[in-house]
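What follows is a pair of complexes built around subunit A, which joins subunit B in one and subunit C in the other.
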Partner chain A sequence: MKKVTFLLVLVLILSLALTACSAPAAEAPAGEEPAAEEPAAETEEVVFGVFEPLTGAYAAGGAMELEGIELAQELYPEVLGMPIRVVVVDNKSDKVESANAATKLVDQEKVNVVLGSWGSSFSMAAGPIVEEAGVPAIGTSCTNPLVTLGNDYYFRVTFIDSFQGVVMANYAYDVLGAEKVVIVQDISNDYAVGLAKFFKDEFVRLTGDEESIMSIANYNTGDQDFSAQLTNIKAMNPDAIFAPGGYSETAMLVKQAKELGLEAPFLGGDAWEAAEFLEIGGDAVNGVVFSTFFDAAAPLTPESEIFINAYREKYGEDPASVTALAYDAYILAIDAIERAGSTDPEAIRDALAETVGFDGAAGVVTLDANGDAIKNAVIKTVENGEFTYLTTISPK
Partner chain B sequence: MIDKKNLIRFGLILILILILTILNTTMGKYEIRVLNLAGIYIILGLSLNVINGFTGLFSLGHAGFMAIGAYTSSLLTMSALQKESNFFAEPIVPWLANVQIGFLPALLMGGIIAAILGALIAAPILKLTDDYLAIATLGFSEIIRVIFTNTQSLTNGALGIKGLTRFTTIHYTWGIAILTVLFMFSLRRSSYGKALMAIREDQTAAEAMGIDLFKHKLLAFTIGSFFAGIGGGLLAHLMGTIDPLMFRFLLTFNVLLIVVLGGIGSITGTAISAVVVTVMLEWLRFLDGVIDLGFMTIQGIPGLRMVLFSLLLMMVIIFKQKGLMGRDEITLDSLGGFLGRFKKKEA
Partner chain C sequence: MSINTFFQHLSNGLALGSLYALIAIGYTMVYGILRLINFAHGEIFMISTYVVFYGVSMFYLPWWVSILVAILITGLLGIIVERAAYRPLRNSPRISVMISAIGASYLIQNLAIVIFGGRPKSFPIPDYFNTVIQVQGVSVPIVNFFIPVITLVALVVLIYIVEKTKTGMAMRAVSRDYETARLMGISVDNIVSITFGLGSMMAAIGGVMWGLKYPNLIPLIGTMPGLKAFIAAVIGGIGNIKGAVLGGFLLGMTEIMIIASLPDVTGYRDAFAFILLIGILIYKPSGLLGQDIGEKV
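Right after this comes the complex of A and B.
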């Protein structure tokens, strides 16, 4: 028995040593020599690297975005006369794996552009890697301001929390005429924390009153019971409640608020736009107002129509908004390559940085100095258990 | 005789360092990253091995201690400017805003704080055994994570920290990994180590022999947390970014998997399985892509990698229930004996 153990371990070590040593050796002729011999081979295809959570906790989000990228590739398989090859790697809904995946894309696959990922945390892990390699990355639905902050190589097609927070603060102040607001945020969700912060800053600026945000209540992802927070809020009697967070928690929050007899209107962000929000919330969520960027019923641009029709044809249903964002990331990359007239990552980066008025499926994208998208916000409400379009707000 | 053996050991370590130095200059960034991770997982695996392997306490709180080490060292290496740009939602507490120290002292501080908190957490719950201890430690690690999520002015909460200078290199990861292996061997040979193993074998008998159970269990926890903190700090500075969600219990399971696969209690087993698991997970990535077999191409299914990896794990556990090494070690003696047998056969 002992002998078998030894043999097994020895074989393992040997195989390990072999793979470790042979990997770079095999890599060198594949990656470098052809480039020297026939430089044309290098430019024959354009490689888009996609890293998404395809397994693990956020696999559903990753799958939705991948649909968008696949659809975009079917519609636009070429750029500058060269075929586009999409390399998809899984980041396992894990930050460490995400960094590995991004390194593999830029270092081994030699991609021209990186697309992804669902979840800001994973994009942040890839940030320093793409920056060091000098390969531009286009974020799909990552909204954390830290993703692009101080990183010249990370861009994104989704609008960030700062604008959304500002839009909702303006809505609360101008349309609802609210003077006193309470914030209920999911403290363990970076998206909710960011949104709450920008809403607070803007609302205080609008009212000129430090006390206009009466209180900030916290809960954690996965919480089911909000009666403690809601009882406190009821005693304060606010004009409106801003509650950024995931759809399932907020749906329960709104439901419990109505049961407690809290009449103040609820305001929120794009994360609410999910069928589950309506299912869990039922009648209670009628009348909530939230900002988002995409409405399948009211196409924003000609590209939206192409996208929605193609999606309906392929999958037989309406696309999710993150699918549209992933689609946009892909076509924005094509647009940047065409504008740059080159597939050199640095040239693509420079072209991306100058993106102005790009027609995407999820709205017109203009990238600001940070690499964040400035785009119109759509305000929606829930009427009779259905999401209903209210108005569109343009950034100032 | 002892001197000669030590000389051989020293030589072997030198050869390992030489190999690593060569790999460090010849390999691409991707392979170096995997190698770095392997080194970090050796440290983490060994640190859990002290608690779960040597002492036989079933702890599931490792991610929490890693989080403490990661956050402590990160906050200490960040410049005032980095802190200001990271903490845009809520400013950082003033006493931390301008603190900046070097990487090694920061790592050490991370380890020390993790060790202190590890001891503080362990002290009240060490009376528990088996599953109860596992649940309590798991709870503590989640509590640490929730605290980090909620103390926004200290950790930046759910937004996470980014832009850490990526200090972690092969020299740090493997240097510390080698030191950890050496420390673990000398710990096990010491009277403390023997006492820990006595507790593992039979708690009552150990106590009857005059071993202070509480003191020794606490020692195991403190050492384990210290190295977990160091590992966490290295991981943070390899990634350049951390957030509380990184330290979910899944991370503990990753480390536990390495320990169980290598053989609970075996130092060399843990080290080997840390390398095997890390390299395998990355190497199996080809399954997710398009596989070209020459005569046919298979369209990869995302996630196939994890399926196969899990299958391999199950096979190992079914056929080798005590892990790859059981409680055995690869030592000079066993290696010599092994080679000796081959020589005899040849003769």
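Right after this comes the complex of A and C.
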């Protein structure tokens, strides 16, 4: 008897929760009539679904991107006369959770467009789900080519790793004069493995020597101890080390390398740019060089100025690259909705696919046939514990 | 592999192994007395690192005071977890207590995410510990000297407490039979609390050493070290303090040597630890130093 009562109560609570969720959509027509000059709207509001790693190994990445989206929403709270509601879901730095998060956004929240995520692996996990649901997604800082490849519904405001890998291989070869390089990659991270491959291909092409990549060492996301890999690398005595991976693992990697007396310079990609990289790495990370998207010291468009000023006012410091990209994903979604003149996901998708010369905070966005942005890369280093701008490289 | 590289690997393995050993001591002690696998051990370990972080960065305590505070708070936390999650289930089937332990572990972990936030923090390291010493071409960060020494001191102190003091005698009595121990006038509740407090303080010392070596703090930091310490304890014979130290050394050394000699399989590093666990459970379930004590009825 007791059990039956308990079940009954459970069912009641669940059904209450469900009706509570669907209530806003149901009572929409009963509300005030939309103004006459507004286009016929399917709903009263436009919903942007955001999925980001807010906990787990890449929480800092998600937090930085969320800042960009929040800032964009403060500046541009409306589209086509309707308020924009942002729904944020945590993908917990996990591929399976990313798929769950995307499903929640398209099935339960019925979002018009999906934004995110930091981390290519997470975007790739969400890809089939948004495609199936017919909802367009705009990637923020996910740079692995496979995110958009063969997926008509995934776009992104960032360049991809085939470009980033080439940029860093050229830097290693031309600027550092490196002949022999070792790669250390996070084997469980699609972004790192992809970037390592593009770096390797270009570096081998530049040197014309298959042996110029002396070795590829691996680790897993969440590893803390790299002493065995680094001891082996030290014995090889490379000219440089290319180490694509997350900010916290790499900070520890570089720190332990310095402790072992490994003097070769470290090169890497955009995922290093987080305050945590500097805090955890301390003095050890001075001198590392990496490619990224944007620097506040070199604004690229009029929108960059608006973004940088608003960010400085709100947070009192300079924004990170990925914050600018998340901001761009948001304003590109608005731009596409305005060009489509509709909030229908299919119409937004078609408008996104035709994006040409869109002024974003992190540069001008022109989407190619795959939905990837063709834009400049910025090279940065760390000097006295701060990220410092070195140069800008344009795609050839 | 040159001789220098080999000794470098040996030194790395020793440092990692003694760190596992340090965490495993607390794990195994609690099991030895209560026959309870305290899955929350890794989370208690994690809390200690955060206490040091906040002690230094928020309350501006001197570094060594923060450590003392962390050890005390963590010991208290262990006692609270025991009161809240294990004591009410003391006469329940062992499986209930184990599930409660897993629950306690997730609760602490998720509370930590809510309270401390998901973004990583950087463990405060005094400059002294950033020194690296060169011995015959082998680079040894100074913290790598401290860890084995502290592990051995902790081992000796705990063995002394368990084997030579009255409290230790009571612990051993409780580990054999609650009821009889109670009839002999031992306060079982107090002994269990002391055991948990001690075990958690060991976790705190392990946490501080871990932070000094790997200064990347996230609320999930305790999970993997907790599991590795559990494996180390099982390898050595769970319940046996000396066995935990031996198991920790073996596990750390094996991990480093496998990566060093077979770089291609590095991605399976954690898998090797678990394979080792399965192997031990199949071929020598009582562990290397464990002896078979008949199940209590």
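Convention: the second predicted complex is superposed on the first by the 259 of 396 C-alpha atoms of A that agree within 3 Å, B and C clash if a C-alpha of one lies under 4 Å from a C-alpha of the other, contacts with A are read in each partner's own complex, and residues count from 1 in each chain.
FYI, a contact is a pair of C-beta atoms (placed from the backbone, for glycine too) under 8 Å apart; a residue touches a chain by one contact, two chains touch by 3 or more.
Since we're looking at a predicted model, the values are computed, not measured.
Of the two partner chains placed by superposition, A:N237 touches none, neither subunit B nor subunit C.
Applying the stated contact rule after C-alpha superposition, one finds that A:N309 touches neither subunit B nor subunit C.
Applying the stated contact rule after C-alpha superposition, one finds that A:D225 touches subunit C and leaves subunit B untouched. Of the two partner chains, subunit B is the only one touched by A:K197; subunit C is not. Looking at the shared chain after the overlay, A:A217 reaches subunit C, while subunit B stays out of its contact range.
Between subunit B and subunit C, B contacts the larger number of subunit A residues.
In the superposition on chain A, A:S188 makes contact with both subunit B and subunit C.
In the superposition on chain A, no contact is made by A:S394 with either subunit B or subunit C.
Look at A:L54: by the touch rule set out above, it reaches both subunit B and subunit C. Shared-chain residue A:S248: touches subunit C; no touch with subunit B. Under the contact criterion defined above, the residues of subunit A that touch both subunit B in one complex and subunit C in the other are 54-55, 59, 187-188, 218, 220.
Residue ranges on subunit A touching subunit B, taken from their complex, read 2-3, 5-6, 8-10, 12-13, 16, 19-21, 23-24, 27, 54-55, 59, 66, 87-90, 92, 94-97, 99-100, 103-104, 106-108, 121, 124-125, 127-128, 133, 144-146, 149-150, 187-190, 192-194, 197, 218, 220. Against subunit A, in their complex, subunit C makes its touches with residues 1-2, 4-5, 8-9, 12-13, 15-16, 113, 117-122, 125, 130, 132, 134, 139, 141, 213-216, 218-220, 224, 255-257, 259-260, 263-264, 266-267, 269-270. Against subunit A, in their complex, subunit B makes its touches with residues 23, 26-31, 33-35, 37, 85-86, 88-90, 146, 149-150, 152, 157-160, 162-163, 166, 235, 238-246, 250, 272, 275-276, 279, 281-283, 285, 288-289, 302-303, 305-306, 320, 324-326, 328, 330, 334, 338, 341. Considering their complex, residues 53-57, 59-60, 62-63, 187-188, 215, 217-220, 222-225, 227-229, 231-232, 234-235, 248-249, 251-252, 255, 259-261, 276, 279-280, 282-283 of subunit A touch subunit C.
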